[in-house]
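Both complexes below contain chain A, partnered by chain B and then by chain C.
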Partner chain A sequence: MVLAKLGLDGHDRGIKVIARALSDSGMEVVYTGLRQTPEQVANAALQEDADVVAVSILSGAHMTLVPALIQCLRSLGVGDIPVVVGGIIPNEDSPALKAAGVADIMGPGTPLSQLVKRLTEIAKSERR
Partner chain B sequence: MCESSEELASQITQRLLPVLASKRSHVVGVTGAPGVGKSTLIDKLVEEERERERSVAVLAVDPSSFFTGGAVLGDRSRMNRQSVDPFVYIRSFGTSGDLGGLSRPVLDAIKILRAFGKDMIIVETTGVGQNEVEVASFVHTTVVVTMPSLGDELQLLEAGVPEIGDVFVLNKADLSGAEVSHSELREMVRLNFEGKRWQPPIIETIGTKGEGVVQLADRIDDHFRFLLASGLVAEKERKALREEVYQLLKASLVSLAKEKVYEGSVKGIVADGGNPYVIARLILESLSCGAQEVHGTQTK
Partner chain C sequence: MWAMMSKTSFVGRETVKQDDIDSLAQGREFSTLSGIPVKEIYTPDDISSLNYEKRLGEPGSYPYTRGVHRAMYCKRLWTMRQFSGFGTPDQTNERFKYLLSTGETGLSVAFDMPTLMGYDPDDPLSRGEVGREGVSVATIRDAERLFSGIPLDRVSVSMTINGPAIVLLALYIVAAERQGVGQAELSGTLQNDILKEYIAQKEFIFPPEPSVRLVVDTFEYCSRNMPKYNFISVSGYHIREAGATAVQELAFTLADGITYVEKAVERGLSVDDFAPRISFFFDSHIDFFEEIAKFRAARRMWARIMTERFGAKNPRSAWLRFHTQTAGVSLTAQQPLNNVVRTAYEALAAVLGGTQSLHTNAMDEALGLPTEEAAKLALRTQQILALETGVANTVDPLAGSYYIESLTEAIEEQAWKIIGEIENMGGVIRAIESGYYQRALSDSAYRYQRSLEEKRRFLVGVNAFRDDEEPKIPVFKVDPEIERSQVEAVRTLREKRDKSRLEHALEELASASKRQENLVPFVIECVRSDATMGEIVKTLKGVYGEYLEPRIF
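Now for the complex of A and B:
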């Protein structure tokens, strides 16, 4: 699983907690770090042969960054890697994100165990 | 693909053999204790190698949990800006179950990247003693990264580590204690490499600022040139092949032995108060007999 913080959001405590929880459940988690661009994350997903890409955005820039990420993945030929989004995502943006190709959206308040379960589910599903 | 099955890995390796015969990459191992700044340094080294118009691959190995098999692979986070360069390939690996430092997929990745013609393949491992020694068997040049001593002088003299270093790096050289650590390193190199053909250089670097990286790249190149000129490259590669065969055998034998114990072929013998020496010998004998049957050389 590739975990990423896109854009200028500098808060990484949450994503590190999630990374740890996923690793404890047996997953290999590649954490790409803070302030990543969509191109950087997409290339990482390609090189790591990711089963899922999970991005966290607390800065509100998700409507720009997430579609850009999906576009990059597609142009690299790996548009079939599911993308999951977390962070501060207003409900009204969910339909647009889903339409853009996001597999699921899990905001704060999602219990950690549910997050791990759902991500694992998505990661194990067949890539189209 | 090589990660998922040994059979597949073997097939892929077979197909690559003719290509590999004509390709040579410089395989560089970078090892050192957690936190010394390896990933940051590698990020700058990759940048420098790209300046020298070399294609680079980085295989970043982080330990997986023995219990869950999972891992958080964070080395990439310090060099991910390189991802967008088409001549740089970075891949993270856990150690999934192998108690040693390098798992089979990493060794396969090295072969594949060589076949693709990468000029330099950097293998980063977190040294915890044994792991560092192991990496040295599979690379041409071993770079050992340390940082100014946090009080424990003997850390640098950990058994096995000094002997395998080809290039020593004192990173975070701006921290206090750097001068003392540098002299300790110098002394250790003198003791361990007296009279040897290659005298490992000690380079001071500040990874975060990129200082000392040009010298590091130069010394790594020097070492490879030395290996080529002295004919040691072939010897190292032969040793690496032997070591890899040994690893594969060890893994197969261990799983075979585990099968025997669990499936109860030596049923009733693995009981409370048993003699482990006797039990082990019995399992070994049953494995040898099995092997002889397979080869049709059953002795009467």
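Now for the complex of A and C:
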């Protein structure tokens, strides 16, 4: 699983907790670190042969950066890698993000166990 | 019969099983959020060795445990200083005026990510980010618009900026100058605490050594030219929000403070010349008594550090003056109205802890930037606290409490240990480079999350008393049009300015930085020459390089 911080947003507490929980549950986790562009994350996903890309974004820039990421994945020929988003994503933006190709949105207050389960599900089932 | 009835609800619907608060409470941790065990009862025996003169003192007297001033709020209330900013400088200027008219008593500026990271609005990395997390400021024109109609000789301004703090300082000075206000009249605070960026907030630009040098430049410049200005706000808030416990927050913050004082003294500055204008910034979290004890321990520890370690003679050098923000991380996206309650308790703790200045979060904190209504209620929270509850009528009312004094001692003891560990590692910068902070924060954050998962700690509305449906409350939206207008503004400025003056100013800045001169006057000249944020930062990046942090989780 590739876990990524997209854009300039530096809030990394949540993504690190999730990375550790996934790691503890036996998943192979690659954390890209901060300040990743859509191109960088897409390249990481390609290189790591990711089963899922999980993006954390709290800056409000998600409507620009997430669709851009999906575009990059497609142009690299790996548009089938599911993208999951977390952070601060207003409910009203969910439909547009899903329409852009996001597989799921998991916001604050989602229990870790549920997150791990759902991400594992997505990683195993959605890539052809 | 009552017990059974309380577990179910009837309102003409099927009975619904609710959480049982008694059994939840039975499973709780009997320890503070830092893990300090809390006893059922505290008695005089717990503080029998407490020497009032040595360990507490009167407020306004060493070691300042009870407060840095004798009369505290009896004479003057804490400043009500609400962090705000979004969109264009004009929009933020409007919000400033709204908050001032609603009763806030100081300004606090929130900048957007591009500004915080030193990028112009038209930088490719700024795409989608302009005006979203705060106000976009890239030029002197932006700064003038931001403060338009706000008399900078009468309103104090705090600016939350770190990597490019020197640039914002220059913008502020020049904007004030154009209002006819001299540097010596300016009152306010520059956050300017780069060490905590490597530790927690991650808004660093250059590597640690040159970045700390820039901070000391501001110490030197401001202590000479701006007697009413707090040139640094040594911060624990971000460290806490990133996962630290209260004890870690306290220890890491004071260790940072020690580092800055050391560096300034190494530069040749005399402690009493700058220390009185060092200020601090702490979190006020939800474990009520622990926070109060933390603030008291902080004052006592800093007083000792400044007098014993650094030999300060001026009493003001030993005063730990601080701003507080209620804990954003304690607030929830679920049932946002609950956040009003949390914020009120946290504000109360900050006031009982003797803060000089306070920001209370809005209830929509986890959903977006504050709407006007939410921002107003956050301010009213402070006003009710100040005017109705009576807690401001006497200083340090909890002094002498068996529990509070025991807890203050315990927090202090644990914090000293951590400061000692950091010293043994070779100091804060070595500790940063080794990944120590990353692991420490990651561990604490994970431990806390597990405690929530296991219902040993609670978030009402999240792991207890969840609702099936969430209310739809208005959420603030940033107009994407702002990005276009800020991009246009910066491009227009670039076209219209005197290009040779600008180039000269940037060249002078580059040479001065290579010679390790105090850069503040050079950055001021750049700002006067209409240099943009991005241009100034790029010039410095050319000399210092950029910092990449190791990816530890």
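Assume the second predicted complex is superposed on the first by the 126 of 128 C-alpha atoms of A that agree within 3 Å, B and C clash if a C-alpha of one lies under 4 Å from a C-alpha of the other, contacts with A are read in each partner's own complex, and residues count from 1 in each chain.
In this section, contacts are C-beta pairs under 8 Å (C-beta built on N, C-alpha and C of every residue); 3 or more make two chains touch, one makes a residue touch a chain.
Just so we're clear, the structure is a prediction, and the values are computed from it rather than from any experiment.
When the two complexes are overlaid on their common chain A, residue A:Leu8 makes contact with chain C while staying clear of chain B. When the shared chain is aligned, no partner comes close enough to touch A:Asp51: not chain B, not chain C. Contacts of A:Ser59 after superposition on the shared chain: chain C is touched, whereas chain B is not.
Of the two partner chains placed by superposition, chain B and chain C are both touched by A:Ala19. When the two complexes are overlaid on their common chain A, residue A:Leu112 makes contact with chain C while staying clear of chain B. Looking at the shared chain after the overlay, A:Tyr31 reaches both chain B and chain C. A count of residues in chain A touched by chain B and by chain C gives the higher number to C. Shared-chain residue A:Pro90: touches chain C; no touch with chain B. In the superposition on chain A, A:Glu39 makes contact with chain B only, not with chain C. Residue overlap on chain A between its contacts with chain B in one complex and with chain C in the other: 19-20, 23, 29, 31-34, 37. The residues of chain A lying in touch with chain B in their complex are 19-20, 22-34, 36-37, 39-41, 43-44, 47-48. Taken in their complex, chain A has these residues touching chain C: 7-10, 12-13, 15-17, 19-21, 23, 29, 31-34, 37, 59-65, 88, 90, 92, 107-109, 111-113.
Within the complex formed with chain A, the residues of chain B that make contact are 64-65, 68-74, 76-78, 80-81, 83-84, 89-92, 94, 96. Per the touch definition, chain C reaches chain A in the complex via residues 113-114, 116-117, 119, 125-129, 132-133, 201-203, 241-243, 329, 332-334, 366-369, 441-442, 445-446, 449, 453, 459, 461-463, 475, 477-478, 480, 548-549, 551, 553.
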